[in-house]
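Multiple structures are listed underneath, in structure tokens.
Each of the next two complexes has chain A plus one other chain: chain B in the first, chain C in the second.
Up next is the complex of A and B:
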């Protein structure tokens, strides 16, 4: 086969796998930003914090990073519940979300990032499971397990969340709170309780995304910064509150970024994210797959 | 919404503010002269160094306040705008040999264009989209600078600063004076915005954008003016930075410290008033300058982060709001 074509095919396949990681990172935001209208810009920082904890716990106990991240999702759920309780009490209730609430999440993001620098140092940390060095080959196409395993975990987690949102009463209530909190109140469901639960879930997803991130690449405290552009671009592109749109957008995004990196060099990939974000905001703010706002 | 926040309503504060222009400028100049004379009397270069550090934050915080405080649009990209100014100064010097003062003018133009561009693409949507865009802007500008070898790339750029400028005893003194003038100008501009129709319109946008639009406030145009002004002033704050430190690399120019301080200072001082960012900048700036001597800079920034979170939660109107409530 032609060399460029092989390169392109490989770029697309590994872009799809990378999209799996991005989907994990953006799905939590699709819940908090898309459904609950909480602009959690600290989400990528929470993900990186999750990654660091996965490295810490996984190294200490000798466990697989992906397994650790699933376990870590439980304490992260309660962390999310605590953060939302604070946020609701001080900002949402007072109607101060726009300025003070945004500044609050910025402060949280900052505290997490600097806190990580202080406790772990600014350098990269990694924890490679044994399968990270295995690569399956299908003809000319490489499928590194380092990318495949996190993508599969991400799909499983998002699939579970999707089922929960579609099938259970609480899940339906979460979808409903996005549309009309007052109507939910009339059905004798406390919208604040539902939002607390949903925000907890979104932060739990950040932990799983953190575990996926550790397997794909080493983490450093500032890793979150590059992800802010990516996850918000994906979330908006996917039509905000839609999980399937978010996953689809993540795959598209992963492919575009990876192909760009293959042909123009990886140092330009953050610029791709921003370009996409601006383009989406300027041309189709309702998202590629969303309906007209 | 009350009549007072409509630009169409007769605004007594506007007229009164207009008449108080002269005393304000006289007062500001007097404070600046006093500060300069006092530091000159002390005659220590560290005084100028620390003074510059605080004054650059006065400019930065005031710039943030024009968009964030008056209009309620949060700009997270202070570090990006500031670095854009700093690198404009470096590029201009490399290309033409022009030094500090032309560099500041060029930085203002670049910052204004940058703000205008980002604003034009995102300000027609809800405010959060603008905030998210500015958040990413810093990351992207850093990518550009790291890949731009002309200004040093990731290795950084050196600026050999002249030992002294004619009437001044040291270059540090000269830089301090430049920043002092910039700070007085920035605060004056912010105050002028506050008491004129522009500021009233921005406040109407903050309180209720739809209602403002409905009564005929040209919201998009006002927001774009504010964004351009905000971007220009932030870039101006950054333009002397390479001369101040003599060496600049992307990590230093895009430091998180600028991003967090630009937001923390106005919010802690009291956003939406011209005095708030000044109070916040002087307070937090002096604290950080004193603390860098004693504790690590990371811990230092960590404390600023906590202060920001605690203040927005407990005192959402900042220190000034605290006094107002007590009165």
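Up next is the complex of A and C:
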């Protein structure tokens, strides 16, 4: 096979796998930011906190990090419920959610980061499952399980959430609250309760993303900063509130970054990826799968 | 208020006389000598910042147990700069104008040292920095002193070991790939590799930078693999170093020599995670527990450091910058001891004139404040089968290949970590 073609195919495949990690990181934000209009800038920090707890629990119990992350999704759901309750009581209910809400989540992010330093120290922490050192080779295409396994878990979790949002009454209510909370109230559904539930789900997804991150790379308290720009860009590119758009945008981001890095050097990767975001927004201001206002 | 009788006063005086005369016991008196600095205790530089702080505390305890400096106890005044260069000028202003410390030293790393320089220079303070590379090139401040092995001429020195060792390969290399993260230190490292490679007639087959936010290094390393270089020089920071080495392992990349200027493999947590992937990596370093670096005091320091490292949640080995952080304060201690007073001009003159006996060996500062003799080590990881860290406390795991006077082993080739 031609050398450049091999590079291109590997760039695409590795980009899709990277997109899987991005999708895991961005899916929770697609719910909180995209559907609930809550600018949870602390979401990547919550993901990293999830990663630290995955390392802690997984090391203590000898369990696979991805399995631990699924188990941790339950307490993270309740953490999300608690955070939203606080946020709603002190900001949203008063109509202060715009700037003060943003400041609140910025504070949460800072507290999480400092809390992780105080609790775990500033060093890198890792938990490598045995398969993280295995690479499948399909002809000239390399597929490291370190990237594949987290991507598959992310797709499974997002798929389950998508089904829940499409098939269950509560899921439909979450979609509805994104469109018109007052109309939902007229249907005798408490929009605050629905938002609390949805925000809990978004934080639960952060735990799963944390497990995915631990398999891909070691985590340190400031690891989340790398993802802040990307996850918000992915949500916007995919279309606010669209899970399928979020996944597609994550794949686009991953592939564009890796193909650019392959042929033009990694320095250009972020510029080209964010250039694509601008291009998409120029053509479709509502994002790939968003609905025009 | 209870009045002290003449007899009680006599007993007290006698007791004080006995204690003062007791061998090995010293008591510092008077107002403390206050040494101020910012340190990265949170944020990206915190792993090295926190372990440096532990080294400073150990020095403080040691020196106070010996009676302090000039008979005065030593007090450390430090603030968390959060790894943010923007915080540094304000913290040094506070240290000098509000806290009125007697001496200032620096936080860790070039990016944190540079922003403190204008404040320090305005107050004419003598300044000993920690692992700042070429900071004084721009400032030309004659009271600046650098605790860093890179010396004056980073361009001519940093990659010299890598290319000198490569020149002795059975099959002389003809090409090199250079990859470096977009930060000041790594770019200086890459510049050195580029400059010296051209001098030696090596073809530069790949020469790129990457942003610090890079998550996946697979495509970059695959491009380097496609360029088929004989040597691969990487200037990286943690956790990038980890991602690069994992990608290299997954892609089964081999080269006659791989490494160069990676920051990360010096750190215990990275060594524990990567295990045998580090085998045959040839990399820049500053310390290895080889017999050639068994300087007076280093073992005692490391014993104290390692006894507290786990509890303090810092690097458990202390094989990287921690001895240099201790030595940074030894320079301050010895200069103050010789000068006999806190006089910034006299201290600077003393630091320029004298050799310092430290746990990292004898140090002499040159005109610019950098070490007059650079000591960039090139080490190779050898014989690693797992992530157990005990082996890193003994000689033979991180063998020194360069410089010749510290050499402790022979190069093994090629680099090609197991997939």
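Annotations for the structure displayed:
Keep in mind that, in the parts below, the second predicted complex is superposed on the first by the 263 of 293 C-alpha atoms of A that agree within 3 Å, B and C clash if a C-alpha of one lies under 4 Å from a C-alpha of the other, contacts with A are read in each partner's own complex, and residues count from 1 in each chain.
By definition in this document, a residue touches a chain if its C-beta (ideal position, glycine included) is under 8 Å from a C-beta of that chain, and two chains touch if they have at least 3 such contacts.
The model shown is predicted, which means the values in this text are computed figures rather than measured ones.
When the shared chain is aligned, chain B and chain C each come close enough to touch A:113. Contacts of A:75 after superposition on the shared chain: neither chain B nor chain C is touched. In the superposition on chain A, contact of A:270 is made with both chain B and chain C. When the two complexes are overlaid on their common chain A, residue A:142 makes contact with chain C while staying clear of chain B.
Legend: residue contacts after superposition of the two complexes on their common chain; A:3 is shown touching chain C, with no touch to chain B.
Contact with chain B, but none with chain C, is seen for A:102 once the two complexes are overlaid on the shared chain. Once chain A of one complex is fitted onto chain A of the other, the partner contacts of A:281 are limited to chain B, with no touch recorded for chain C.
Common to the chain B and chain C contact sets on chain A are residues 113-114, 117, 226, 229, 267, 270.
For chain C in complex with chain A, the residues that touch the partner chain are 41-44, 46-47, 49-50, 83, 182, 208-220, 222-223, 226, 238-239, 242-243, 246, 249-251, 267-270, 272-273, 312-315, 419.
The touching residues of chain B, counted against chain A in their complex, run 68, 72, 74, 76, 118, 121-122, 125, 127-129, 131-133, 135-137, 139-140, 142-144, 146-147, 256, 259-260, 263-264, 267, 271, 296, 298-299, 301-302, 304-306, 308-309, 312-314, 316. Those residues of chain A that touch chain C in the shared complex are 3, 7, 10-11, 14-15, 17-18, 21, 113-114, 117, 120-126, 128, 133, 135, 142, 144, 146-147, 216-218, 220-223, 226, 229-230, 254, 257-259, 261-263, 265-267, 269-270. By the touch criterion given at the top, residues 39, 41, 86, 90-91, 94, 96, 98-100, 102-104, 106-108, 110-111, 113-115, 117-118, 225-226, 228-229, 232, 236, 267-268, 270-271, 273-275, 277-278, 281-282, 285 of chain A touch chain B in their complex.
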